[in-house]
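To keep things simple, chains are lettered A, B, C, D and E as they appear, and every chain counts its residues starting from 1.
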């Protein structure tokens, strides 16, 4: 089954049609009265678990709630062959052996840059009522990790020395059943948990066996904090955006999703800025994914002309019914959307997300306030 | 659609009524075990246990493996249980019922966690080689009392088993075949056994060794694992109707007596089997050791 | 999840080691990574044929021309349906589409198990999203259709000798090419099965790559073969409906830098998809001529369906 | 390595500074999850559990319609978060320890709840263990009781649980009982988990996993039963407080 | 009467066929036999061959396995659930349930039918089975389930059938149940049971062909005694008939 089908709402064609037409208005009228680019209010807290390196909890008013716990453990790095200059680097062709990239320039000693590996971050999602290998958790995990892993920064920070690295486990728990599509919730919770994550300060030097400072106060933020309290950079967030007609609606609720013509998940990150540069905040697009809209699975309505109760004539056969229904395009009768989105719409969505002081930035600023 | 037979109302009422009159449908006393029969295989470490109609076979095997990296000085001992569809149509291959989980957990707690086997004695070279002792429990016929019977089976089989002798010279390990050297018994620290108590009427009536029908009609069970020295190795009362704490303490006293009787019975059977094997008089000194 | 029903080979394939000293005698072993010989806007040649599996409702096979001795893409797809849903299934007013994507164990250098892993399940979700928008589901209430895609030979994430490349940045560039292929081949299979669709859907990929070998720069290429490039910076797959000019599936990831915007990347991917459509059309027409010989007579001989982008 | 109990003998304090008969801090909240029919959050020291209850409802997918014999079926799902322990550990779905825990809870509540009032339905109890520091079974039982109360499912009485241990395995005179063990103490010392129904001495759940002399058992049992009564008072307070808030909220 | 053990596939020699007293009476084949025209009769069950020259019948005795319903067999069934028209009953574990219509009790009407709770026992007769292929089946319906009845279809009398109250049920082997029922002239196989039970005790009992005996001797002790005597008699009989020894275990 489609991941969206599980969060399908049971609305009648009439309700769907009403919702659809109110969302088509300029500006759209949302069932909960929000502006199109307004997020739902949320309750958030960080550092709720003393046993984890970082943790966060976010709760939406409809009762969906997620907890993310992050644990870091020291792990021995896999052996990597040191390559000779001439590039005769055919060792065994097996996948186990990782080889140092060698661009002919001397290896930078004890620098973490570019040494981070994908496998150092493990992300798992637990959704009640779903198995680990159901499509929804897998799709969500793929989407979230795509955003997190897109940058080098996080991976590189896990590098301790040439022999050891941190392994970061991100465990995402959805405490409630997935009432609305839980992507934004999980993404924001993960964002907060990563912000609150700290790893102990390294005391040892170079390639020694790592030794850490026992003092938790001295530990360092995974996303370093400047003395001013600002962060150099922040983890990415993934937003859920939907389109109805030409209207673009952010953070849709499950009812709104049921009439969406297109649903996109967009991951963005604040691009790195220099420490003294405070003015230019720019957002970087990390990934876009289209999400299957549950609206495609909704039942279509029966127009008056086809309903004997309202003076119409019932179709003779089911083929006839389909033909009739598809030939008339009556307003107020719900028909599940077909086809896809226009390119221009996607472009507009991207623009809206990325624009300065746009929605993404607003959300990030909001999350800033949650910080400990 | 097709499903396990639930006892009829008539049966439930009759069993209850009979128990109130201190009668069990198979004519036993309330605190009596069914007839216990042990049969040893030709091979060492194979035991067929029959408790009434319930039948369990346990087999012990040993191989040499590398120890777990976090337990360098210990050998490995595992117990696996297999509910074959042979025993009851209720068992399906590859599907774990809660009965099976409980059985394997209780055996694990009663025998392995209570360190009935001295796993350190299974170590050959620290961190490199150790014995891996594996107890396979097969349920052949199911008429209640699986936990008790399986525990008896594993414990008897462990005492019956002989592992190959080894000698270590530096890094060289020689494992002697059965012909080269007489295999040695496992070093056991104690001999725990499980006794299951079934209760009715909120603990007013307590039964030992219930058969399947009694199990289906009871209000709850308490499984107590003990050794003959009066050490309790585990107690499990997973819910069920609440009973008075005193009743539970009483159960431990009854369990001790039962454990002592069964342990002695097992010892006698082992000795008898030893005598049978010892026809040629080759193992005179070993049997003396076994009497300890 | 581990596969306990079979005895599996080692998870990562092992090759006999090749030592530097022996290389001199075996000049055939490639030392340098392959390079792209096509134009940036040129697609690989596509072979597409429908109706290969007679027992299924619809089937198709897609193969990309392999470039420079490397593996190429070979995908088969069968569609079973529309067929009635099992009695236990709840009522559905629409066609219940279910997609399965599975790599054959030998499809990639690192052996795949028999149990579907998360990447394969993820691809299946993508494919389903792409197809759901095209299929006219309400014409087939209470029915289901299973689209089963088997990848016989998958695209590698990087040149196998250059393992560092795969490590560098978000793996899975190869998957994007596979997805584009899956969309096209599934579209053909659905056509073959005779399921009503609003339009023909085709998949297309575009990527921003970093060219190795001196000239460092970001280049936009269509239909990338990740092994041919030193580094892939960003890539985008679309499922594109050419006549309606709409997109049902978009999957973009990577750092779309300032020089090349995301919009541009999507645009190019759409271009690739539009070019693929010609092949799909030809394949479907060819199948139609086989089914209705009188059509073929009126049209004359068949054209070769290979195409150049 | 045996726990260093010498300090205990001198100062009569445990490693975490408690006396032998002291409970850890118990903090509980009711109705924490808006989306569930009943929910509770419980902390016993550093063991933190969230419990949600949904139901009585129709059975979940493919599992038939609720219980048999005119009674509701109780399903328990325990999810031990990967970050709960000291070391990050992802437990497989078929983990037997978790399965045993689920079985225990199912059994305990099947006989405690008045399931005959809800024929052909299912009551699903989901437990998330966020942090683990001993007394796992006791904490899950307590949290589930609170959540079931919040869900308004009738039960014959409160089921509360507590652990008790002993400082010695042997039959010696100088062993002392301990109440409410933490994770470290559980590793080293014998202990029992006791679940009591109501305020009498009726034991619903009794689980002991360590080897101990028979004579020690009685003391441990007595201490645990006493501990349960104190836990019951605390939980009772939480429920009453919540009830008061609800009434006041409704009035004001 | 019983000759050697037949195995599936064995052909019955014409000499083994019963010499009918009335030659016009056709030969009746019972369970376990199959007729291949023109004159071959082969066994498809293992067991001793039984013949009855009076009825001109021949069958293979088979003790064990699962009970397969045959029309007009008397059985003890457990009620599983109640439906608008009928009860669902179980004859043996892991077999499809059977139907017992509410109206097939003595003098039952829509208003005065016996109310039976799930788990109650009834003594009933098999009215029809879904399979009509079997040779002995006289009345077969097209209903997909086996149907039971607690009245005599022609007289409308209970004839001892109906709900069983109190007492205890014991499991016996199918062959023994058949034997008990065969010997008795009266219903419920009580005569058959009495042969195995010492005289001088009063008890009620009902034997079901599905391998169950219901006994009520008034007191718990007597019921247990009678029940155990029946079960032990079954054990002795099985021991002598099949020579079941210890299963060799090596």
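Simple rule for what comes next: a contact is a pair of C-beta atoms (placed from the backbone, for glycine too) under 8 Å apart; a residue touches a chain by one contact, two chains touch by 3 or more.
Owing to the predicted nature of the structure, the values given are computational and were not obtained by experimental measurement.
Colleague: State the smallest step count from chain C to chain D, taking one step as a move to a touching chain.
Modeller: Tracing touching chains, the least step count from chain C to chain D comes to 2.
Colleague: Looking only at C-beta pairs that count as contacts, which pair of chains has more of them, B-E or A-C?
Modeller: A-C
Colleague: Using mean Cα positions as chain centres, tell me which chain lies farthest from chain C.
Modeller: Greatest centre separation from chain C goes to chain E.
Colleague: Can you work out the whole-Å distance between the CA centroids of chain B and chain C?
Modeller: Computed value for the inter-centroid distance: 57 Å.
Colleague: Cα centroid separation between chain C and chain E, in whole Å?
Modeller: Chain C and chain E have C-alpha centres separated by 65 Å.
Colleague: Report, in whole Å, the distance between the mean C-alpha point of chain A and the mean C-alpha point of chain D.
Modeller: The answer is 35 Å.
Colleague: When the centre of a chain is set as the mean of its C-alpha atoms, what distance in Å lies between chain B and chain D?
Modeller: Those two chain centres are 29 Å apart.
Colleague: When you check chain D against every other chain, which residues touch at least two of them?
Modeller: In chain D, residues 69 touch at least two other chains, as defined above.
Colleague: Two or more other chains touching the same residue: where does that happen in chain C?
Modeller: none
Colleague: Scan chain B for residues touching two or more other chains and write them down.
Modeller: 6
Colleague: Quick one: in the complex, what on chain C touches chain A?
Modeller: The contact residues of chain C facing chain A are 1, 12-18, 20, 23, 29, 31, 92-94, 96, 98, 109-110, 116, 118-119, 121-122, 124-126, 128-129, 132-134, 136-139, 141, 160-161, 163-165, 167-171, 198-199, 236, 239-241, 244-256, 262-263, 266-267, 270.
Colleague: Per the contact definition, I'd like the list of chain D residues that touch chain A in the complex.
Modeller: Listed in rising order, the residues of chain D that touch chain A are 33-36, 46, 48, 50, 52, 54, 60, 77, 79, 81-88, 90, 93, 126, 128, 130-133.
Colleague: How about chain D: which of its residues touch chain B in the complex?
Modeller: Counting only chain D, the residues touching chain B are 69, 94, 96-97, 99-100, 103-112, 171, 192, 195-198, 201-215, 217-218, 221-222, 225.
Colleague: Under the definition above, what is the set of chain B residues touching chain E in their complex?
Modeller: Those in contact with chain E are residues 1-15, 17-18, 21, 23, 25-27, 39, 41-42, 48, 89.
Colleague: Any idea which chain B residues touch chain D in the complex?
Modeller: 6, 96, 98, 101-102, 104-105, 108-109, 113-115, 202, 219-220, 222, 226, 230-246, 248-249, 252-253, 256
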